[in-house]
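In order of appearance the chains are A, B, C, D, E and F, and numbering begins at 1 in each one.
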Amino acid sequence: MSKTVICPGSFDPVTLGHVDIITRASKMFDKVIVAVLVNSSKTPSFSIEERIELLQDSTCGIENVEVVSFNGLLAEYCRERKVDAIVKGLRAVTDFEYEFQMALTNKKLNPMLETIFLTADADSMYLSSSMVREVASMGGDISNFVPKCVHQRIVERLNKG
Amino acid sequence: MSKTVICPGSFDPVTLGHVDIITRASKMFDKVIVAVLVNSSKTPSFSIEERIELLQDSTCGIENVEVVSFNGLLAEYCRERKVDAIVKGLRAVTDFEYEFQMALTNKKLNPMLETIFLTADADSMYLSSSMVREVASMGGDISNFVPKCVHQRIVERLNKG
Amino acid sequence: MSKTVICPGSFDPVTLGHVDIITRASKMFDKVIVAVLVNSSKTPSFSIEERIELLQDSTCGIENVEVVSFNGLLAEYCRERKVDAIVKGLRAVTDFEYEFQMALTNKKLNPMLETIFLTADADSMYLSSSMVREVASMGGDISNFVPKCVHQRIVERLNKG
Amino acid sequence: MSKTVICPGSFDPVTLGHVDIITRASKMFDKVIVAVLVNSSKTPSFSIEERIELLQDSTCGIENVEVVSFNGLLAEYCRERKVDAIVKGLRAVTDFEYEFQMALTNKKLNPMLETIFLTADADSMYLSSSMVREVASMGGDISNFVPKCVHQRIVERLNKG
Amino acid sequence: MSKTVICPGSFDPVTLGHVDIITRASKMFDKVIVAVLVNSSKTPSFSIEERIELLQDSTCGIENVEVVSFNGLLAEYCRERKVDAIVKGLRAVTDFEYEFQMALTNKKLNPMLETIFLTADADSMYLSSSMVREVASMGGDISNFVPKCVHQRIVERLNKG
Amino acid sequence: MSKTVICPGSFDPVTLGHVDIITRASKMFDKVIVAVLVNSSKTPSFSIEERIELLQDSTCGIENVEVVSFNGLLAEYCRERKVDAIVKGLRAVTDFEYEFQMALTNKKLNPMLETIFLTADADSMYLSSSMVREVASMGGDISNFVPKCVHQRIVERLNKG
């Protein structure tokens, strides 16, 4: 039974919480597609190319992970790529409610598509990309929040912007 | 005891969830005013006129429903129109908290005004206007989410915009 | 459109929060049945007869209220009595979740039966029968928590027991 | 990558919600162990043997499902049986909080053990074993709540008890 | 043991809920710094100077309160000012989740910094600055929502804007 | 400004989460009373004397902590002992709702009594006395959940019982 899952998100930028979820998914399933959502309506802090590169470097030790960008409907993209399940990390109740709604919507759009939730690690429960951006933009130390190998690049990029 | 209730909202656009709540309210109360909120600060996808027309067509079989637009303070509008209660559908916990705050505020502004909650149908629990807009804008199928009689017009309108 | 609603509960004993919900329901609907649940599995502090009497005295000024006890399935009892809707007060999120489940179950058992929620008054948001019992059993003052006309009887009864 | 997961629970009795989660798990993973918890402190309505039999009959069409009972620490049992992940269905926020606590505890006791959540189907969101017992004990119709093939036996058993 | 706490916020504008929290903090701790956050990304309705003045007038009877503005990282500002704890009012569950995340982040950034929560008074549970702005902008009466001594100025300012 | 606070609870038995909250309270306030609730209705696993002794040993390095037992109404006991505030740790949303209700009740019973919440440490967010009892009773390792100095005694006691 070979199974492919997808971890979709904005990853603007990647955090240690994202890497935790991707790593755990890679141990449970045969292939993990990390999919950076191209959302034309929001102005991201990092370009699609930067976000992909940071994710690739943060997961370079994991063989069955592929980083891609995608545009359009997630349920449709999953059909094309023969994805069996969406994997999401849950940090808190408000996360849960939104993700619950998304899971039911995606199932309606693609009845074969499963959504699987992993609970965030106790250490990354408070972590979010927006908090990383906020702390870094005010000169705070984000070394506990992002992967070591991309820390320097994220700091430099957020200080420029 | 003749009772008038109001279903306020943005309805941008109407969903099957809205129609479910309006229909059920129309069975409990003598008159149901469906009130489209004119909110100058947000840019809606559908104009006020379009939203009213879609609502009228979606509720055309229900005699005691009137569709209007309104501007200003809901509590004040309810006083003018002699509305006895606001009727809202609850989908989830986050809905509940916001609506709870609104209900207490409206009671403070108009102590005679009651707020009544109906739980969303299991089938429409995940439905929201923003999800309909998002799915449609990416070419997804929204026929399970909006009333049949306005489906085509909503699709065309969201594809143009 | 003549409408009958039911306010079910244990009422062990009645609190000011219950009276608030019953009073508001009596202003919205033609008839309000207050139904004391006979639950054989729990040992109540007040007998069915005591609970009915306390409720009758607490609502004696409201003409369209009837106090009854009932046994068995609420959905079935509502069918027999031609009840149009169940009315429940919501105090908090945990309330909401349980009541949500009950509302969906009752709809499955009796598709014509509506459940309507009113938000607890800011002043009774913390009130529950169990808290009244707990405070009174330790000699605390419950005069802010229960109707004036039954206060003395509740205190005496809880001190004896 | 061959993966074994476990669906632990009381299953007192099995509901359509349980069968939905077990079925979906069986499509994602190579082997699904359905584990009936022997909890000496609670008095169940169905014996361990009855619960196992009802589960076996409800999942008899699914090849990679095994029904067992277990006693003691789940994290320890998972180590012995080489289970890769616990699979749980989430119905609501209160579920989520308790399950979240359990998932963190189990990870502390067995760091290799993953917990995976699936969202309940919209149709089974309100379903629980205790609600089935309650409705059946009052003579209500539970045919929408439990698997067809065990419906008759559950009704008879709950009427006797 | 002399303790300094900080009440950070946007205060756009001050509400009776803010004054309740500040007053209660001033009774528990030796010094209370009320810190208006200078957030360059949002466009506030009141200028920093106006917000400080309204806060000063609303708390002028409390000796151990100092009103300041601050820019940058709260955890860093607390280090500079030797603040022992952040004090926040909690109104509801969604508040709680966000504040929980903030508290854990601030502790990571400054391990000596404590976050303390007070529950909002039953009367101010529904109060927020955005609701005050919304009600006032539509000509509603906000006299129950803001301190008496600044009511007139807030109304005039929001009508002009 | 000399302030006395109280940490009430069952402490059946003390966990690392309790010690974290007590320690942090002892740094913020002049005196911390740890009060073991004598609850006649529940059958505890540890006697009052055992619970007090375990707490005393777990907090023996903190000078301004006193461990007591108390019976009756907390709000009344706080009045007698001139306690300024109740201090509680919050782990999760369900905690929050119950504690919120308790805080409002206690304020009604004793308007001078404040309730202060601290967020549980990320590491103790999943910890509860009941989970410690459950894990230990099944032979699981609880060394990560309880203070080192009382670990052996808790294990022995729970194995005997």
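Rule of thumb we're sticking to: contacts are C-beta pairs under 8 Å (C-beta built on N, C-alpha and C of every residue); 3 or more make two chains touch, one makes a residue touch a chain.
Owing to the predicted nature of the structure, the values given are computational and were not obtained by experimental measurement.
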{"item": "Contacts common to subunit A and subunit F (chain labels)", "value": "D, E"}
{"item": "Self-contact between copies subunit A and subunit D, residue sets same or different by half", "value": "same"}
{"item": "Most widely separated chain from subunit E, with each centre as the mean of CA atoms", "value": "D"}
{"item": "Reference interface C-F: repeating pair among D-F, B-C or A-F with over half of contacts shared", "value": "D-F"}
{"item": "Rounded Å distance, subunit A centre to subunit C centre (Cα mean)", "value": "47"}
{"item": "Chain centre separation in whole Å, for subunit E relative to subunit B (CA means)", "value": "34"}
{"item": "Separation of subunit B from subunit D, taking each centre as the mean of its C-alpha atoms, in whole Å", "value": "38"}
{"item": "For subunit C, residues that touch 2 or more chains besides their own", "value": "93-94, 97, 100, 104, 122, 125-126"}
{"item": "Chains touching one another, given as label pairs in label order", "value": "A-B, A-D, A-E, A-F, B-C, B-D, B-E, C-D, C-E, C-F, D-F, E-F"}
{"item": "Subunit D-facing residues of subunit A, complex", "value": "1-3, 24, 27-30, 84-85, 90, 93, 96-97, 100, 103-104, 114-119, 122"}
{"item": "Subunit F to subunit D touching residues, read off their complex", "value": "91-94, 125-126, 128, 131, 135, 138-141, 144-145"}
{"item": "In the complex, subunit D residues that touch subunit F", "value": "72-73, 75-76, 93-94, 97-98, 100-102, 104-105, 108-109"}
{"item": "Subunit C to subunit E touching residues, read off their complex", "value": "93, 122-123, 125-126"}
